[in-house]
Amino acid sequence: MGKVKTLKEAASLVSDGDRLAIGGLLLQRIPAAFIRELARQGKKGLKVMKTAANYDFDLLSFAGCVDEIAAGFVSFEAEFGLAPNFRKAVEDGRVRFEENSCYTVIASLRAAAFGIPFMPIASLGNSYLVNKFKEIENPYGEGKVLAVPAIYPDWAVLHVHKADEEGNAVIYGPVYEDLIMSRAARNIVLTTEKVVSKEDIKRELDLAVIPGFKVRAVVEVPGGASPGACYPYYDYSSEHLKRYLSIRDHEGLKRYLDDVNP
Amino acid sequence: MDREKKLLIANTMIVTMARLLKDAQNVFMGVASNLPFFAIWLAKKLYNPGLIWLNIPGRVNPEPSFPPLSTVHYEIAREGSASLTLAEIFDMSARGELDVAFLSGVQIDKYGNFNLSFLPDEVKGRVKIQFTGGAGSALIYPNSRRVILWRTKHDKRTLVERCPVVTAGGNLYRVVTSLAVFKREGKERLVLESIHPYSSYKEVAENTAFPIHPAPFTPPPTPEEIALLQEFDPEGVRVVEFD
Amino acid sequence: MGKVKTLKEAASLVSDGDRLAIGGLLLQRIPAAFIRELARQGKKGLKVMKTAANYDFDLLSFAGCVDEIAAGFVSFEAEFGLAPNFRKAVEDGRVRFEENSCYTVIASLRAAAFGIPFMPIASLGNSYLVNKFKEIENPYGEGKVLAVPAIYPDWAVLHVHKADEEGNAVIYGPVYEDLIMSRAARNIVLTTEKVVSKEDIKRELDLAVIPGFKVRAVVEVPGGASPGACYPYYDYSSEHLKRYLSIRDHEGLKRYLDDVNP
Amino acid sequence: MDREKKLLIANTMIVTMARLLKDAQNVFMGVASNLPFFAIWLAKKLYNPGLIWLNIPGRVNPEPSFPPLSTVHYEIAREGSASLTLAEIFDMSARGELDVAFLSGVQIDKYGNFNLSFLPDEVKGRVKIQFTGGAGSALIYPNSRRVILWRTKHDKRTLVERCPVVTAGGNLYRVVTSLAVFKREGKERLVLESIHPYSSYKEVAENTAFPIHPAPFTPPPTPEEIALLQEFDPEGVRVVEFD
């Protein structure tokens, strides 16, 4: 069975309760269309992680898809303000926000990527986050070192510029945490601006940093990061984001999800 | 607040921060760092062209042709001198190689600690108000050599006696607010270093929840500094965070 | 003072006793010209590390420049046989060979790159190498985990395809351990096929993976990896390697170093 | 040894190893892996086109147009389906995702352990003969699902009772030598599985330092297998490691 699937088929691979690492950062190269499809399919109890998020985690919080969010930062920037549905879900106790430093998210993913149970980290000073992690003795020197546990996502969900039918993918520009997510995760779903030939990937082999072998689905979604940006193809859409942020209730959210295609 | 006033505050804060970078080796700005973006840009133009500008999109020394509203905008990744991922910038910090970093907090206390995490509901033992989360600050603050805190607001809800939750604390260099500049006395408490020219000791004292002492005025922006900012940012992106 | 230097100037930055991580792998993209210059300058007591080496570590052993070699593998392949001068130096007790797994070399460099004192690693089974490393408790689960100490090289010495005057560099094709070495090391020396303009680097920013700020010297040495290969510019030279491997004594080595330019 | 004989041995070893890859998901070859290179190439051509070929130059599924003498040659990095660094391949192994790996040892003992490190001088307590070092094997052998050991020699100095130094041990699948194939009985000892058609039980027994029992002959290479190898490697790169 081929890996090239529809958005619907790909999202249906994700089970309620799965842990997802979501690619991109803030409004850059997020797998937005896939996130919307998860909401349409009414997923429940997902656990999601990322260094810094906004639209994706806000929407999943709004739609009631997530139980747990692990991240360093969840907010829009400047013109769009905070992430209102994320905040409300956390304040109402519907979503558990495991605040991390962006750095500890990366360290947990690195531990998983390296196949080791934990990752020693640099000091977090007097941050309250220290209490979330355990200390270990430094066997090669004085004192103790903080360690974060490995987190193995069930899925890394990434939006890329190009992928072939086997899931070998090229990313242009900043990779953010996509690479380390793809290594840490058990399975990968790619949405891609374009499904291309193997020959096309070959021409940019130095940028073909996602090998296909853990990829379970490749979905062609031109504009799939929208309302986020996909450098250098398109910028984020202020209009779309303002529309999303104006939604007040679940009926409005349903209309939005029905309207926006995909 | 009228636009003139916003520009005055923004320019003063940007210029003040830019001048703090005169001897910086490298400087990191994170997410939602509108004013630091302008401060670094200006410092490289006027005071420290060799300054190494690090950022989340991961291009060393970006050359943005316009100021984007988002500080992870891809305009900051379009040109530069090399690539370095966010994870690697954190590693630089962990190795002690990060010189200056800009951070911000919803609450900043008299010890220089800040809170970007949440306000607890002490009675119910849970989150009362959820903030954004501290991004990379818990690592960056104690491991970088010099941290500049910045905040476009200055009131008693912002400059507090003690943060109920400490998101990060560490190597404070300066706090630059809309009204004033603080430095830290030894490793202990914040002291007022200067008051922005359009404000007053009275205004700063009334809007700060911990005790302060008088201080001189912040040197105002020069016409050259203002002209450069205005030319780079004719639309006024630098005032977007002011209400 | 600019960073662009002669080979002689650059090599003179290295002090006797320094620890060097040497880029490339086996006969691929080794900073061979720089290695020869270290030998010409009669460096002493160097400590060198790499996953898998041959010409570079063999020559430094022959020339008496190194005290300690940390590597997973030191040998030529197929047509050229073993690394004779390395073997002799180790068997005579002139060089201490700290055998590692290639993997533990990487783990030690990663720990240094991440600014942490040690790196937990996967099991090494019943390998005698286990005895070189310490065990720590897993704070997040059962049992113990092996940990390797961070090793901070004084220098990463890398041969790259392009670098600008500030040391921002582009590598094509396999990067081997060059990246992690550049992060772990306190200082970097680059030899480069060509010193190019800043604009030239900018055109391939996604491949500009070495930022210049820890680079202390940039040396233009076209063919600087020879007798090794520099993909895709040139292959290794069997003729040169056979000549090198036929050298029997220090006089011969001196003649070789005098002859080969640079 | 004449060239015909070398080709016979090389072809038999390559084909035997290629057939072991019929159900492999992925396979890793390291440095100095001349015969595994041909075995993987042949397995992908004939038996398992979906096999994922991992290697040190770091291109997944390389498409070499000729067989290079070095198995880190850049011909193996010229084409492929994606990039994956050596460090990341080690990480795959640490995560338990590496299926088959080819390794080799100067000494291989009856437990399937091998020595690529050194021969100790027991009296003087130091290195008597230094070998190459085990490369990544100490990690790869215990953490990959199936390891195929290969060796172009088969004598009592190679197939030993017990290695004085264990460079690596672990999940042995098969040992393929110039004369025979061994598998492991349970987690314990090597047992002879087959004898190459040009050899004999007597020859294998005389050249093995631990006890063996009779076994059938290894199925010989087919004309198709030989023709493919000959077409890909008319110069005979595959015999370069035979004396």
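Couple of notes before you dig in:
For reference, chains read A, B, C and D in written order, and residue numbers begin at 1 within each chain.
Note that contacts are C-beta pairs under 8 Å (C-beta built on N, C-alpha and C of every residue); 3 or more make two chains touch, one makes a residue touch a chain.
As the structure is a prediction and not an experimental result, all values here were calculated from the model.
A count of contacting C-beta pairs for B-C and for A-B identifies A-B as the more extensively joined pair.
Subunit A and subunit D have centres, each the mean of its CA atoms, that are 40 Å apart. Mean C-alpha position of subunit C lies 27 Å from that of subunit D. The set of subunit D residues touching two or more other chains comprises 59, 83, 93-94, 143.
In subunit C, the residues touching two or more other chains are 114-116, 121-122, 173, 206.
Arrangement of the chains shown, judged by which pairs touch: an irregular graph that fits none of the line, ring, star or complete shapes. Chain pairs that touch one another: A-B, A-C, A-D, B-C, C-D.
By the touch rule above, subunit C contacts subunit D in their complex via residues 25-28, 51-52, 71-75, 77-79, 82-83, 86-87, 90-91, 93, 97, 99-104, 106, 110, 121-130, 173-177, 180, 229, 231-232, 235-236.
Subunit C meets subunit B in the complex at residues 112-116, 164, 166, 168-169, 183, 198, 201-202, 205-206, 208-213.
Chain contact summary for the complex, subunit B toward subunit A: residues 31-32, 34, 56-59, 69-74, 77-78, 83, 85-87, 90, 93-94, 113, 117-118, 126-130, 132-139, 141-143, 165-170, 240-241.
For subunit D in complex with subunit A, the touching residues are 25-26, 52, 59-60, 79-84, 88, 91-96, 143. Listing the residues of subunit A that touch subunit C in their complex gives 111, 114-122, 134-141, 145, 147, 149-150, 172-173, 206-207.
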